[in-house]
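Written below as structure tokens is the structure these notes are about.
Labels run A, B and C following the written order; every chain starts at residue 1.
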Amino acid sequence: MTRPALLVESLVAGYGPDLPIVRGASIRAEAGEIVVILGPNGAGKSTLIKSVAGLVPKSSGRVLVGDNDITDAPAHTLVTRGLAFVPQTENVFQRMSVEDNLKVAGGVLKPRDVPERISEMYEIFPDLVRQKRDLAGSLSGGQRQMLAVARALMIHPSVLLLDEPSAGLSPKFVSMVFAMLSDVRKSGVTIVLVEQNAKAALAIGDRAYILVDGKERHEGVASEFWNDPVVAELYLGHRTDKAGGK
Amino acid sequence: MQFVVDGLLSGSMIGLGAIGVTLTYSILQFSNFAHGDLMSWGTYATLIVVNAILQIMGPVGPLGPLSFGWPLLLAMISGMALTGLLALAIDYVLFARLRQKSEMIIIVMASFGASMALRSFLEFLFTGQPTYFSHAIQIATPIGLGIRITPDQAVLLAMTAVLLLAVHLMITRTQTGRSMRAVSQNAALARVVGIDVKRVIRVTWLVGGALACFSGIMIGVLLQIRPTMGLDLTLPMFAAAILGGIGSIPGAVIGGLIIGLTEAVAVEQIGAEWRIAVSFVILIAVLFIRPTGLFGVQER
Amino acid sequence: MIDLVGYAAFFLTTVLIFSLIGLGLNLQWGLTGLFNAGIAGFVAVGAYVSALLTTPETPDHLGGFDLPIVLGWFGAMMAAAAAAALIGFATLRLKSDFLAITTFGVSMVVHLVVLNAQSITGGTFGIGFIPRPFASLVETPLYFNLGNLAVVTAVTLVVFFSLEHLAHSPWGRVLKALREDERAAISLGKNARFYRTQAFALGGGIMGLAGAVQAHFVGYIAPDNYLPTLTFQVWVMLVVGGSGSNLGVVIGSLIVWAIWAGSGAMTGMLFAPEQQAHAASLQLVAIGVMLCVILLVRPNGIFGGASQLRDKKRNSPKGADGAGPSSSSSTEANAPTDRMPISKKY
């Protein structure tokens, strides 16, 4: 049996050793899957994904990308292991141009491969070509998100992590983003995303988890999630109000 | 119009140092008060190498109308490298450790301590008396508009321009430069995109140290070498970096030039001893009127 | 024996003057969290103002006011406090290192002015004949030194207890709250800056008072008394004793000055006279290194408990880099205070 593309085992993580936010969560994504992580506010979804990306300290547990144990790997080495992360906020370098954002992300590639890869990104995201010399901060929210994903794809990731990719986007851009993720999956990339917008995410997802209080409570096939009474209870039982993302 | 030359010269000295200050501020996130003393150490290191070369080779004539020859040029390169290494060493021993566990202002405080120690050690080794690369007197040649310039001055200005161009190209066209810009804007995102921040920090120290050394050599060739030469430039360098907008390299250079030219004018009008008051007045004015400076980049 | 007592009195007087400066600094740093890198400048302002107000008419410098010593000291405090208030107003809304840079500039410029405005300040010749509190006792060194010690002790005690009282007063509690919790500072908005400016000004005034007291103790001042070295000495004393603690300031001053004077005496014995200036540089190297070592090893000093120097408690993480600039402007929860945008810092 082949290894999953991403395996998280009993991860305990948080900003202080006495304050774990992720408490023994285990998540797995098979190659080519889109896995969605849902859950109420404060469940630790964002912290979980940031911890996998090396930005939040881990106290115990393991993270593997394919055969590589990346638990202790410094954050900046993860792109060499095929793991790319798109944070929720501040996910582009605002005072660098679109082109420079892509170039700087291409640092781990061979220099002569970078221009070609950038052209490939421009094919997938044609809107970016027009603005390639513009500062990333001058782009609209949706375009910035596209740039952030393009930036992540520069390194040919095997696993793409996204933290609430639809947050703050207009409905038009939300469907664009999810359509684009669906396409990206077709090229063989495994996608794991944390989302508040459950409906849109489940529409493109293969499997989903619900995270509650730092641990996964339920796992299932995405298309069956809406009809699952356990899901409703987990959501209704813990949902406080609809305001605000995570 | 003579003040133009004087202003460009002191502006270059200030601006080159201010680049290091602004880089350290934006990438390492603290104001390094020991930067001026890196400049002093670099100059003395260069002096030692020059004297060593002259000891080994015997007297070597200067290049053309200049006061220095290839020994100084050779020593300059090694001096710049040595200063970069010194900066790395101080970071390794002191600043890096403090970054792990202390707030920024503590690191600033430590840089004060390092500054005192470095400067005083130079005084111990070389005494406070000024010394020189060369005692040759240079003739200033008129070049029109009432300006006179010596060959040393002209060559050093040209070298400054070349150096600044090189820095500009590095920052804008190379991956290292892009990585530095990235880290100065958002260190966490830089990690996410695969940038090794520790490597960027090392490059920052090397570049800052090398530029400080060149600035010090310029001062040493044109004026004199003293242990306090770096301390004397600290206030102008910071004023230049803040005037230009801390975090911006072009800003640091332009800020340096503005301060240099203003100082030159002030020296003509009210006397040379009031030089540093100029930097202070400009600093206060910037902080009152527009603290983000001309190219206000950093919004930390 | 009498000589020893006299010398001890002299030594203690010096220690107390340093403590006085340090008490002012502790108010600025320990209580309010402000980094003053130009202590020497405020001390100089106080010394020169008091000297100029109390010395008789002379062609060497501005003078002839002939005011009593107490008024000189009062003037010194006011002048230094005013300078501090101005600086504070300009920089306290900005990041903490801007205050450091500016105060550094202040001390450079003050030195420049007292050195070059010769007609006012006497330039390199300084100001002499500053009236001493016990001028009549000059003939008997022992009583003179003891008298001075008594005066300086009295002043220091008054300031010490006043500051202790202030620290525990509502005003002091506001300052502590501002230092501990940046968000509280932001919600207070303009008021936060006002409180901090007051604390900075008062601290500066105390430094000016110390300068004046010392001027009248020695009777002669010159620009080179007020160099960055003085700033360093006081900082080391504060850090050794433990910032935040007024008692720590006094103990730290005693310890550091004892080391300083002791090492000075040793170099006097070990080195020939012509080499002594040379050896003095080593003392300065030592003090610089000492400051760095303390900050690395025991930032809280002996009595310290001040939160600024508290370890940042960054847990050593698996996979999240510890070294390098503090991580993540996007990890909101651990954002250290120096990450905030300029407009919100103070």
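By definition in this document, a residue touches a chain if its C-beta (ideal position, glycine included) is under 8 Å from a C-beta of that chain, and two chains touch if they have at least 3 such contacts.
Given the structure is predicted, the values throughout are model-derived calculations rather than measurements.
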Looking only at C-beta pair counts, which chain-chain interface has the most contacts?
B-C
For chain A, which other chain has the most distant CA centre?
C
Taking all protein C-alpha atoms shown, work out their mean, then name the chain whose own C-alpha mean is nearest to it.
B
So how far apart, in whole Å, are chain B and chain C when each is placed at the average of its C-alpha atoms?
29
Using CA atom averages as chain centres, what separation in Å is found between chain A and chain C?
52
Between chain A and chain B, tell me the centre distance in angstrom, where each centre is the average of that chain's C-alpha atoms.
43
For chain C, write out the residues touching at least two other chains, lowest number first.
313, 321, 327-331
Chain A residues touching 2+ other chains are 54-55, 74-76, 87, 90
Listed in rising order, chain B residues that touch 2 or more other chains are 186, 188-189, 191, 197
Chain B residues within the chain C interface of the complex:
27-31, 33, 94, 96-106, 108-110, 112-121, 123-124, 127, 183, 186-189, 191, 197-198, 201, 231, 234-235, 238-239, 242, 273-274, 276-277, 279-280, 283-284, 287-288, 291-292, 299-300
Contacts from chain A onto chain B in the complex sit at residues 53-55, 74-80, 85, 87, 90-96, 100, 103-105, 107-108, 111, 151, 155
Complex contacts: residues of chain B adjacent to chain A:
175, 178-179, 181-182, 185-186, 188-197, 297
Which of the residues in chain C end up touching chain B in this complex?
35, 37, 90-91, 94-98, 100-102, 104-106, 108-109, 112-113, 115-116, 228-229, 231-232, 235-236, 239, 277-279, 281-285, 287-292, 295-296, 299, 308-309, 311-314, 321-331, 336-342
